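Sharing a structure, written as structure tokens. Questions coming.
As written, the chain order gives the labels A, B, C, D, E and F, with residue 1 at the start of each chain.
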Amino acid sequence: MLSWLTEGPSLLPWLVILPLLWSILSLTAGQRLQPLIATTAVGLILLATLLVLLQWLQRGDHFYSLGDWAVPLGIRLRLDGLALLLLLLTSGITSVCTLHAGRYLQEYPRAKTYFWPLLAFCWAAMNVIWLSADLFNLYVGLELLGFSAVGLVALTGEKKALAASLRYLYAALLGSLAWLLGVALIYGHQGQLDISSLALTFTDSISGQAALALMTLGLLLKMAAFPLHSWLPPAHASALPPVSALLSGLVAKAAFYILVRLWLEMAPDNLTFSAAQLLGALGAAAVFWGGWMACRQQQLKMLVAYSTVAQLGYLLLLFPLTTGTGEEATRLAWEGGWLQLTSHALAKAAMFLAAGNLVLAMGRPDLPGLHGAGRYLPFSLLGFGLAGVSLMGLPPSGGFMAKWLLLQSALLSGQWWWILVLLSGSALSAVYIFKVYQQCYVESDNPDRFRQPALVLDLSALALALLALALGILSAWPQWLISTALPGGAA
Amino acid sequence: MNTFLPYTLAGGALVILGLTGFILHRHLIRRLLAFNLTGSGCFLVMTGLAQQGQGVDAVPQALVLTGIVVAVSATALALVLIRRWYHLTGLTGLPEDIEPELQQGDNPAEGKTQGAPH
Amino acid sequence: MTQVLWISTLLLLLALLLGLWRIWAGPGRADRMLAAQLFGTTGVGLLLLLAELMQQPALRDVALVLALLAIMATVAFVARTQPADHHSEQDHDAD
Amino acid sequence: MIDLLLALTLPLVALGVLLARELFRAVVMFIAFGLLMALVWVRLQAPDLALAEAAIGAGLTGVLLLDALGHLRQPHPPGQPLRSLLPLLTILALVLAGALGLVLLGALLEPLQPSVNLPAEVALHIEASGVAHPVTAVLLAFRAWDTLLEVAVILVAVVVGLALRFSHDDAAAESRVSSPLLQGMLSWLLPLMLLVALYLLWIGSYRSGGAFQAAAVMAAMLVLLRLSGQQLPGQNHPLLLRAGLVGGLGTFLLLGSVQLLQGGAFLAWPEQLAGAFILLVETALTFSLALLLYALFEASPAPARKGHPPRTGDQPS
Amino acid sequence: MMDLHFWLPVLVLFTSLGAAAIIFWLDENNSRMRSSINLAAAGIKILLVIWILVGVSQGEVYETRFTLLTGIDFVLRADALGVMFAGLSSLLWLFTTLYAIGYLEGTPNRRRFFGFFSLCVASTLGIAFAGNLFTFLIFYELLTLSTYPLVVHKGTDKALRAGRLYLIYTLGGGVVLLAGVLWMHSLAGDLSFAATGQLDALLPEQASTLKWIFLLLIGGLAVKAAMVPLHGWLPEAMVAPAPVSALLHAVAVVKAGAFGIVRVVYDVYGITLSYQLGLLLPLGIAAAITILYGSLRALAQQDIKRRLAFSTVSQVSYIALGISLFGPAGTIGGLVHLLHQGLMKVTLFFCAGNYAETLGIHKIQQLNGAGRRMPGTSLAFTIGALGMIGLPPIAGFISKWYLATGALHADMDWVLLVLILSSLMNAGYFLPLLYRIWFCPQQGEWPQERVLGRWDTSLWLLIPPLVTASLSLLAGLLAASDFSPLAWVQLVTTREYLP
Amino acid sequence: MMLIDLLRALLLLSGALFFLVGTLGILRFPDTPSRIHALTKVDNLGLGLIVLGLLPGVEHWPVAIKMILIWLLAIAASALAGHLVVRVCREFRPSNAGEQQDD
């Protein structure tokens, strides 16, 4: 077994093949077979992820040349600690969402048929992006991800969902075009597309800068960074809960992941201090604006969606905190940034699932609809609460650990203004989350409409929330995983 | 290889025009057209620029072929959504964009601003 | 011979531009559609000329495909897009 | 001369598309734009792209757009398209576009110094790829991964279309052309299209042509069939149809995994059989992509006639 | 490593964490099961704490440690000071639980209440056993979170408002504390409470930085310790049910703040360093101001619980005052007051709850003649009140005595004046109550009388105050014995602060 | 040889001119049917001339067939297009002008 892990062929392509096979099968199979196929597929993908993890532990970072064509001609997949972290996260969250959806979608029989293939495509696209080391391949991956995400949002065919998905689609398309134009410039000037190879030859030129700027703009749009964020809240709020969870938890992170690969891996020398500060400022603006808007929302899911805008803002602080700061500050920020992504992914997925359950249980989508929820104390409430703890960055959650690292980094690098952003952002998130909590303690005049959600729904939300919480206690391992992928770092 | 330069520049111009149109237009199909123009511009830049440097190059051509197919899919997907949206609401723009016009229009109750009769 | 080909190509290109203007000017939907049809035919002619000029036999395939699919747009127009504005053919796209 | 003229025309047509007051005009301009693009690709020595543009850009996209126009009964926004905008946004967009234009101009005019000569690489390895045509080699050997995912992208678009399809899909309610001349012509046009499609598929291995172009022509055939109001063979076998839709991706995946299962790399073709495998994949892709492209068109059926509002799909209860 | 010494502190925490989990899982109406689990957990916890207590007194060390992030350890460590707080908490918890079971009988949302109640204990014990600043911070924030549901338990507008206020204060304080801890961490690394003199090396360059950090740390902690002007949340939080008030005031929240101050002064900075940096005097002055201000405000209150609340504001700062007196006597006075005040205040709140629950009495005027109607409760109340004033032989006297001695030792005579003034005011706001209870005749009907059993009130409600009252009496009477709080505090002081 | 080349040149140029004139023609004619008339005539003729002009330069006969096929296709397409568009115009014009404000 051990020799197979070190010697045997890498299992990386299976992480994409399996979800694609799943989608093909579930498109052809009848409705009755779909759950069976989904279960098997999820099991197999989880197994594959696990084996990939074991392989990585044995042999460390490695590349996989598709079709045995070496770069620059071919495309290769790249596995390092960061990609692995995201693969694991994706597998974990998506399988929980699958579990949740399996039960939740019983209310939407028509949507259900097409939900599974779209979910599988979405999964495949995410894995493509985490593994991809090729600029144009990333474009195709982004489109695949964007289309399947748009489809998932539009699935119910309701007015709101359609408007949101159209908005989402147009944002995604615009973002991809900006990316594509950047790729065109880079290819024209460099003659190759592989990120790791480009890192060696990337020169400081007008075209290089222009390409980076364009790609950054596209990615910022796709990750709903501050002034370009308006498509995100309606899309995430109007989708079905498992879809919202997936989108907010994972899909929104893809663009950020690529952004980091782009700047810190491909062209680290091109990131000037002021550019990094600008990115950080956008992040800070997102933190404040998203938080403020979340405080103003009256719909539960909109509140959660705006919180995503704010939380994604924290991620952008990674750039100013790793640019031109000392080695130690860079390490802390790197680890903190990715830990923030991890904990937010878990917490936000949990929160959307829980919010969906709460809406289902209370029969109303607005905040006052929660009156009296505390009386029944559904597990979803607990899930929501625990996820909220992580989002606020209160100990002992993963969010706290992440913010602690980011704070330390800011302190160490003397960029005290980010400390203010982090702390006041936490305070803002506390405001909107307690705004929800508070509703649950108000006694309701009509308690009879309460409807206990199925146990699976509750447990899936709770499981993710507990994971987000446990991340605070068990963050040493992910931290190590992240630290191995520090660009230009030791490991 | 100078034959390629005008097309590269034309591609750049297309990108700019398309982008401006994409931002400024409110009608969803018009925005879709703008998107397609921008896409064509990107494709031109991709092929033209690469071939300026290296002569006829199959790789960007293959990439653009992929890009064209993706663009068609995008167009079709958007049209599906637009039609469904139109059937549900009678609108050809997104509600957020139309709102201010609704308030200006004579007959906001009709809710079909974009399609107001002549 | 090559000069003749070039000149013909240029003339055809000119025709193409005129056709473009026709599409733009309309005035009616049917006119636009027909102009597009003519535009396509001109394109086929151009492609055939270019195939000879550039020594690219593959361009004849392009011309073939173009000629083959030339009818598509018109059929789609007739089948799906009702000429909703023919009453306005006289005025200049007033709606 | 030709190049300058074409290159100048292109932005002008684009401007026409964007500024056309009437949507229909914009769409027809756009169809013309597609045709011009085909010519441009010819001049850029990319006949593959010219083929694709002619088939997809000028053919299919145009049909899609015209069809959509028919759905939108009131497709004309009031007055000038640019009138109703916030002046601030307009200024902002123009400034942005200007800035982007300057940056792009700088980037495009910068001298190139590629660190890798990829065309040379392609020429070097084309022998091993199994096909003689470089574009096909890139698409189905060197960068087959992209192509595989791209097929998935189309499939996603189709799946979304299927998911949002109106449940009331009555062929009788849709308007179509019934002209004896058309019928008569189609009876020989359609087989010819099929023939041309197969021809394009076949020549793809040694010169311009290939699965996508062939599929586009074949899809056009299906669309024409549909527009003339005929039933497609196999239309009443949804399972068969779906199998056709996923067939291309499935075959690609399966054949791509042959070497993987024997311990090799994914998407590596067996050494002696590379050409055959690629042809096999291309054939499967052609038929499947044709169906997919057709399904993109078919996904939302024609507008119902007056008094027959289409019923929407089931809403959650 | 992985033996009992490692697991025991965790186990103590898990008794209440586990209880919370089970209670959340149980059905709302399964009150019998819930009560037994609650009491069993409280009992087991006391036994475990006693075990640790005995061990610590024999010099054993119980420590749980694992790495959370590189450079940051999670440490639970039972030292003498921590065990002291843990002992107080677990003891009072048992009685509060008993009391709460009786108090909340038949009301809705009990599952939620008891679940968070248990979480609260867990966090308090975490605070007691925290072995470094980071771990302390974790449990400190956790305490905020788990008390919020208790404060807003009633769900009325007033309760929600109080909850909001509570959150603004405590989370704000939490942020300030976090900033302090963070700064300290980047300056000095992982600050274990076990080591001493860690910061001495930083002198003299970092003296002013250290002062700023001290300000941040104490500022954050002072919110929970309700030091003026950060005390605003405490009187408002009175809307919560009586057991919650008892808990907030006597053990969990305010004591967590006070305990944190003790930790910062003694275990982070070290008393000597604090003295050298001149940090003690400002702390003492702040404490003195709080003491006087709290008493003054208490005099003006007409609502019993509000008067008690302001009394808490005043009394908790005795602890800080004791700490700020450089010298063992002051320390002893402060620390022992932490225990004594807990016992006495919990008694007072139990009694106030009893009056409200049984007779509907909320205002001081309504107390007339309550002594005859509820003699047991009134007896307990009297003992608590007299103890607060500092009358011998009740526990409060001991604390004040040591504080006075400490002040004299430290040559801070003005502290004596503060003590005397505050004692006078204590008498001023407690004696009228006692007078009304015992010597004024009843005036008309009780506002809302309920007959609960054949004693003054139900036994669930009566026994806890009686026990805690007698404990505070005993703590004073047997102060000289080996098992008194005083003896333990002396142990703590001699072992840890005067090596 | 010369003669053939001359003939070819003539064919090609006149074809191109036909295109140009045809395009101008549909600019000039007053109404849609007559414009259709112009269209169907002119482009077929123009393309035919061009194809004829190109044929002698072709090396293989299948290519020649292909080119003739292209021409035939173009004729058929324009004829059909004209027919369809005329029909549509006839169908809609007299009766119901201005009834498009349906929903």
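Methods note: a residue touches a chain if its C-beta (ideal position, glycine included) is under 8 Å from a C-beta of that chain, and two chains touch if they have at least 3 such contacts.
Predicted model only: the values in this text are computed from it and were never measured.
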Farthest-lying chain, centroid of Cα atoms versus that of chain A: F
From chain D, the most remote chain by mean C-alpha position: E
Selected pair, greater C-beta contact count between A-D and A-E: A-D
Whole-Å gap separating chain B and chain F, where each centre is the average of the chain's CA atoms: 31
Distance from the mean Cα position of chain F to that of chain E, given in whole angstrom: 97
Rounded Å distance between chain B and chain C, as computed from the means of their C-alpha atoms: 22
Mean-CA-position distance for chain F and chain D (Å): 27
Multi-partner residues of chain F (at least 2 other chains): 73, 76, 80, 84, 87, 100-101, 103
For chain B, residues that touch 2 or more chains besides their own: 15, 19, 43, 45, 48-49, 52-54, 59, 63, 66, 70, 73-74, 77, 81-82, 84, 88, 112, 117-118
Residue numbers of chain E (touch at least two other chains): none
Complex contacts: residues of chain C adjacent to chain F: 1, 4-5, 7-9, 11-12, 14-15, 18-19, 21-22, 25, 28, 30-31, 33-35, 37-38, 40-42, 44-45, 48-49, 52, 57, 60, 63-64, 67-68, 70-71, 74-75, 77-78, 82-87, 89
Complex interface listing, chain F residues touching chain C: 5, 8-9, 12-13, 15-17, 19-20, 22-24, 26-27, 32, 35-36, 39, 42-44, 46-47, 50-51, 53-54, 57, 63, 66-67, 69-70, 73-74, 76-78, 80-82, 84-85, 87-89, 92-93, 97-98, 100
Complex interface listing, chain B residues touching chain D: 3-4, 6-10, 12-21, 23-27, 29-30, 32-34, 36-37, 40, 43-45, 47-49, 51-59, 61-66, 68-70, 72-77, 79-84, 86-88, 92-93, 100-101, 112-118
Sites on chain F touched by chain D in the complex: 73, 76, 79-80, 83-84, 87, 100-103
Residues of chain D touching chain C in the complex: 1-2, 5-6, 9, 13, 16, 20-22, 24-25, 28-29, 31-32, 35-36, 38-39, 42-43, 45, 47, 50-51, 54-55, 58-60, 62-63, 66-67, 69-71, 73, 75-76, 175-177, 182, 189, 192-193, 196, 199-200, 203, 207-209, 213, 217, 220, 223-224, 227-228, 302-303
